[in-house]
Amino acid sequence: MSTTTIDRLRDTELSYRATLAGGALSVFLLIALLGLAFPSSIWGNFLAILTSRSTLSSALRLSVPITFAALGGIFSEKAGVVNIGLEGLLIISAFTAVITTAVVGPEMTVVGLPAIWIGFFAGILSSVLFSALFAVVCIRFKADQIIAGLAVWLIALGLAPFAATVYYGGVNTDNLGTTLGTWTIPVLSDIPFFGAFFDADPAVYMMLVAVPASWYVLNRTAFGRHVRASGENPKALDTVGVDVSRVRYAGVLLSGFLAGVGGSALSLGLGQFVGNNQTMVNGKGFIAIVAYLFGNYNPIGAFGASFLFAGLEAAQIRLQQVPGYAIPDSLIQTIPYVTVLVVLALVGRTRIPEAAGEHYDTGDDNR
Amino acid sequence: MSAAENAKAVLRRLTAASATERILISFAALIMAVLVGAVIILVSGRITTCQTAATTLFGTGFCYDPVEVYLVLFNGALGEPFLVNSPGILKPLNPNWNPLNFGFALTLKETTLLIFTGLSVAVSFRAGLFNIGTQGQLILGGLATALFSFFVAPLLPSGLVGGLILIPLAIVVGALVGGLYGAIPGALKAYADANEVITTIMLNFIAAQIAFVLVSEFYGNPDSQVVETTPIPDWATLLPVAFPQGGDFSILALAFGLALVVAVWFLLEQTSFGYDLRTSGEQPEAAEYGGVDAKRTTVTSMFLSGALGGMGGAIWVLMVMGKWQAGVPALGFDGITVSILAGNNPFGVVPAALLFGTLKSGSLAVQFGTGVPKQLVGVLRGLIILFVAMPEFFRMLGSTIDLEPDRETVATDGGRLGGDDE
Amino acid sequence: MSTAVHLDEITKRFSGVVANDDVDLTVERGTVHALLGENGAGKTTLMNILYGLYEPTEGTVHVDGEPRDFDSPADAIDAGIGMIHQHFMLVDPMTVAENIVLGNEPRKWFGTTVDRERARQEVIDLSNRYGFDVNPDDAIEDVSVGVQQRVEILKALYRGADILILDEPTAVLTPQEVEELFRVFEELTAQGKTIIFISHKLGEAMHAADDITVLRNGKNVGTVKADETSNEELAELMVGREVLLEPKAEPQEPGDEVLAVQHLSAEDNRGIPAVSDVSFDIREGEVFGIAGVDGNGQSQLVEAITGLRTPTEGSISYKGGDITDASRRSRIADGMAYIPEDRHERGLVMDFDLVQNGILGSQHSPTFAADGRINWSDARDHAERIIDEYDVRPPHADADAESFSGGNQQKFIVGREFEREPDLVVATHPTRGVDIGAMEFIHERLLDLRAEGKAVLLISSKLDEVQGLSDRLGVMHDGELMDIVDPRNTTEEEIGLLMAGERPNAAETDAEPPVGDAK
Amino acid sequence: MDRRSFVKAAGVAGIAGLAGCTGGPSEGSQETTATTTEESGGEETTTAEQTTEESGPAANVGMVYALGGLGDKSFNDAAKRGIEQAESELGIAYDEAQPSAAEEFPQFQRRFAQSSNPDYDLVSCIGYAQKSALSETAPSFSDQKFMIVDDVVDEDNVASYLFREEQGSFQVGYLAGLITTQEFSAGSGSTTADSKSVGFVGGTETELIRKFQAGYEAGVAHADEEISVDVAYVGSFSDSAKGKEIATSMYDNGADVVYHAAGGSGLGVFQAAKEQGKFAIGVDSDQSQTEPNYADVILASMVKRVESAVYTSVENVVNDEFNGGSTTTLGLEEDGVAAVYGAELGSEIPQDVKDSLSESREAIIAGDIEIPTTTE
């Protein structure tokens, strides 16, 4: 194939990232410029909000559940199983984490582990169990992945408030009175602005580790390559003697694990599970799907997208408090969604793994 | 086609879901969900505490009795057809049962609304478009209906004549707005190749916020602290006729919904447009080959789907609320489950909507009558969908019971298995 | 010489359908063994059994004299067997090296991490050893089909394969690439490897193999030495009767121009130029053939003509009017029939029954849908007529398209398109996957259409087919129409050179490998 | 007897039950049959069962809570306290319903109104969101007594209860204003004199919550015109995560005290206060008691005695003094609203601050201070 075609392919890839990164940067620069030129105007407020350490730390905190769910979604979908049930995994782990901590007793420690961390791991376990159910249904029983994913969401959406009502008499759990807390790294946390990275929830640190680690696993380990091959061309993997089902199970379970971390962190960061309406997860699982599609299945891109949404939310919360600012809160809340729409309309498609959503079987019926 | 794929095709031929099988699978899914639900009820009956056991199994007392729960659910949804208090599992019929009761009206109300949203989702699914956006289309369609009725009502004579003019117009307005809002992701899909799953999810959020702002800032009811529009005069709404106890159910709306079922079926199965739509949904490449304008069909189907969703919103406003109010129930999402259970078949939507309508209206009675949280029904709904998604599971169950007959003669090509491996 | 593979009385049934019936096969070490047979003779199934993808219903596999029971390809790989499938089992976005080591990645750092440097070096060493020319860092989706095939062979060798199975290895190659492949065969056998390749082409089996085993209807009908047999003997073994190998078109005076393509250029789905500056015309009563290796722009050219792709440049006129921008629908309405190359994707809606498939393309025509409402009873009559006339088996109009075999699906499509009473038939690979009888029937019907004064555009990768049926033959290479020749006065070799991108009158040869459309 | 009051899923009992792995019935199961036969599903009934009501409770009350449900530790839980008090003191029985969507209000109201087993003597509708539903339900069941909290339904069979939230909010605003202008440290929180900033977090931006905001702002200004008030709305009464984010940003912004009128979302405000070492003011209930984990940051609570409204209305029904058609407005004077100091921090609040608050309370009751009821 001629070199020009290769260049062109690379160009499309590059232009996608360049559009995103360049767009974000130029918007920021525009605001900075306007903010510096008219410090007392709304742009000045904008700039102050965007450069405030509290916005950064808030954005990091808010991006935790989205990022973890998105990382989970990447592993599952890269392995060929579209996991639309991420929302359900977040819900079930958020609930289990809190109820387990409550049952153990928030003040208790078991073999040196504080109850809240037992809850944290229990939340992860519940999400892994749910994803195992999902995996069996999709892989063993060849269910339609989208429908099965919706089912996982619906079951979790019903089960968590149901169990909360059975146990507490209402859809919300009681407040544990304790949270995961904050880990502060001395000295580093004193750095202006970026100090927010070193004075954060434990889950934020986990996220900052999980993102590069996921990238590494996906791109530098044999397992990661098998995952990618299983989603692109499972037959290629099968014919070299790697068990496609096993890789897919692993991918889905891993997605359950990661989403579980996000869900546990979400509820334990607050010390309570809120089960009203769409529960406290409130669409974060779906936003996570958008985030990884947006990030083109790259863990770092997915984190970038999650961080963008969380950042917009954090900025929105602060913008709301600017006095005399007339735009209704609800309209500002639509900004992240509108952004996604506009970018999708401009940049268009993302490349979905070739075999995602398809069942794989060797075609032999008497095996 | 490789031999492996060919073998798969043979397999599929043997197990392809016929209409009968679909119905069987739906029933089996329902039964499985009910059984799993019963286990959940028992388990939660051990977690909660009570002074006296509701039932005793295997020497263990449980606070909730699954049989009672399902009976109460059914009774609540239909308005006490059975005498629950009598002993034994089979309860005698209630001689005083009147089908035109409040509970049944609630069930039919839910059913009616779910028919609209179920149809909306079914149309888009048949066109191969995963429209998650019925909720947003419903919200905006309903709002348009409420505002239109409110502003136009003063210009018309009040009473039956005005209603006859206004109600159809208001529904059309709702359909139009819902349709246009549905056409947005359609156009984004057709012309910008944007994934409709993402865009419709985003548009749902946006619709809810826009509607909220419009009502809270501009068109709110000044007499109310709730974010809602000023109520439409009664003559311009769909009032209950046959059900004296109320329940916000209008038989007219149900009749309209059933008529739409037939209309949608006719459109899908009997017309050229329906053929285009279904072909696009089954196999876009083949549709293009067959002269279907894929982009236009995508936009049109999404418009149609959105219009049905918008009508759902209109009916919600005209039949249930008499106004638009923030916190619109998740009828659009329920429509997805209805459509899935119905196998995206317009006629299937009716029983599926009735089932979910029964569950939903019965859920209130369950919480009321037995103390089991009404979210149980949400779990049941998820379980039904889960089991519907895995026909393989039931085929496997079935094949262990029913030995397959000898299929030596199934080959269609003189026993020649070859595909086109050239 | 020792025996590398011995298959002993292999029988394989799929849900009752017999794919292999009591097959014996012996392959000697260090030889090239061709497995010859018609489509659907059971060749691929047999090889999938040897490779552990399928378990035989009855019979035993022996490798190096030992009976083996393969549960999966992994077992076969362990026994030194490698298989190169007809559709390459490669992961498109990954690089050549990543694909070759897939599943056997060299590790470092306590097995946590793929040692990419070592993987790369091993691939380079391996390809040098067998004289392969591949760049380990290219992504698979960026390299030509020939290179992809070499990657597949390297993949097997990397796993220590001594026995290589190739399924239809020449189907997607130019004649020159085929020669190169056979040279690789020699190199491999010289180093002690054993090669089994599947083919349905007599010529290449005769040319490249030491031994030839012919399968028919799942049975072994004979193994012969290549240098002790003849084309005629093999053909008879394959088909079971004497066949007319080449269709013949009697010369006939063409009429008015039906289709004229002028300076047409088009891109493929990824926006890469696929057709450049192609011009030709077709007249009434004429078959215009296009020969060329698959993926040299034929698909895009046909799509532009039939209205499935917007050309970037140039014009198309049809029956005297410009249709460059006309919709697909209007072209169908205007009497343009089209047998698409991929019947599963385009030609049929697999989940529709034949009644519904019978009106695909006619769903808006007054014949079946006068007022927007489809007349299903007419549609049913129509489908039953096609089933009857084109011998579609079983004759069930209510069965879903996917329940029919490939050959019968094709017959149905051909029937549907011919029954449109078209002015122009665009036929791409019309006989792909059909049996000999149906092939003859389709060829006859094409010639009948020609005799009726219709215009036919015939695209096929079977050179004998286009050569035998066409009045004029265009040869495509890398998106260009290299030349238009008289098929009756041109040799297969001359056409082969054109297909490879070499103009006979051009002095220097084009060193660039042909552009494959990657798919 | 009431049908299922034995199904009590109270948190403490539940935890004890599960921790010991022995939930379920606490008595022997021999009585099972007897009990189940008395559980009627709903409306229709047979004469045999009605006889059991002879020795029944003083009254039957149906509770329809506001969205957000029980466990919000403020509004709904306050109503629940009222009915529990009535249960133990007046010997009434009650059933409760927690709607999860606005459209369920009329359904629950109707179910209670229609029921004849038991025949509910009063249906309590908690929250303004039930107004429009009740406006339709009440006329259709003219024999049924209703009460509504936080809005007025002008029907003869509805007793309406309103609160002067702006008065109580003024008081806590005044308190916040006084605290932020001085050096103060107590419990886990502290303020300095140099920053003069406080915050207000609302649930949804409605007329009622604006009333809280207006009173609060007026109270703050009463302390010092210079003090800035950050205002933000969560958009929900049950999103404590967002409540926490908002309050955190306010504290980051320099606010010393944040007052919330955001129901369940307010929990996040307390958490933020605790993490940031600042103060918060609770609402509806004395939240230093309902949320003891945060008693060390809760300066005070603007209590709105929903419980007394509920209790009073039940009492009226029991005593045959149902005040249908009338509206009872409860302000500082009636002790319907009040600023209540935190259980843990109250003792540390300087006496001069307390004195100022007592003075302003008197002035408000006397009508000397005009408090706006809306922010515009």
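When the chains are written out, they are named A, B, C and D in that same order, and each has its own residue count from 1.
In this section, contacts are C-beta pairs under 8 Å (C-beta built on N, C-alpha and C of every residue); 3 or more make two chains touch, one makes a residue touch a chain.
Computed from a predicted model, the values in this text were never measured in an experiment.
Across the two interfaces under comparison, B-D and A-D, the one joined by more C-beta contacts turns out to be B-D.
Between the CA-based centres of subunit C and subunit D the separation comes to 75 Å, rounded to the whole angstrom.
Annotation: 35 Å between the Cα-based centres of subunit A and subunit D.
Subunit C has its Cα centroid 46 Å from the Cα centroid of subunit B. Of all residues in subunit C, those that touch two or more other chains are 14-15, 53, 85. Within subunit B, the positions touching two or more other chains are listed as 2-4, 7, 11, 47-48, 216.
Residue positions 165-167, 171, 330, 333, 362-365 of subunit A each touch two or more of the other chains. Applying the touch definition to every pair of chains gives A-B, A-C, A-D, B-C, B-D. Listed in rising order, the residues of subunit D touching subunit B in the complex are 3-4, 6-9, 13-14, 17-18, 23-29, 31-33, 35-44, 46, 49, 67, 95, 97, 100-104, 106-108, 110-111, 114, 128-129, 131-132, 140, 150-151, 204-208. Across the interface of their complex, subunit A is touched by residues 2-5, 7-8, 11, 40, 44, 47-48, 130, 188, 192-195, 197-199, 201-203, 205-206, 209-210, 212-213, 216-217, 336-337, 340, 372-373, 375-383, 385-386, 388-390, 392-393, 396 of subunit B. Contact residues on subunit C toward subunit B in their complex (touch as defined above): 14-19, 38-45, 48, 53, 85-87, 167-168, 171, 200, 217-218, 307-308, 327-329, 331-333, 338, 340, 342-352, 356, 359-361, 363-364, 369, 372-374, 376, 393-394, 399-400, 402-408, 410, 432-433, 435. Of all residues in subunit C, only 14-15, 51, 53-55, 57, 72-74, 77, 83, 85, 89-94, 98-99, 102-105, 107, 112-114, 116, 141-144, 155, 159, 270-272, 512, 515-516, 518 touch subunit A in the complex they form. Residues 8-11, 14-15, 18-19, 67-73, 98, 100-101, 199, 205, 228, 230-233, 235-236, 238-242, 244-246, 248-250, 252-253, 264, 267-268, 271, 275, 291-294 of subunit D are the ones that touch subunit A when the two sit in their complex.
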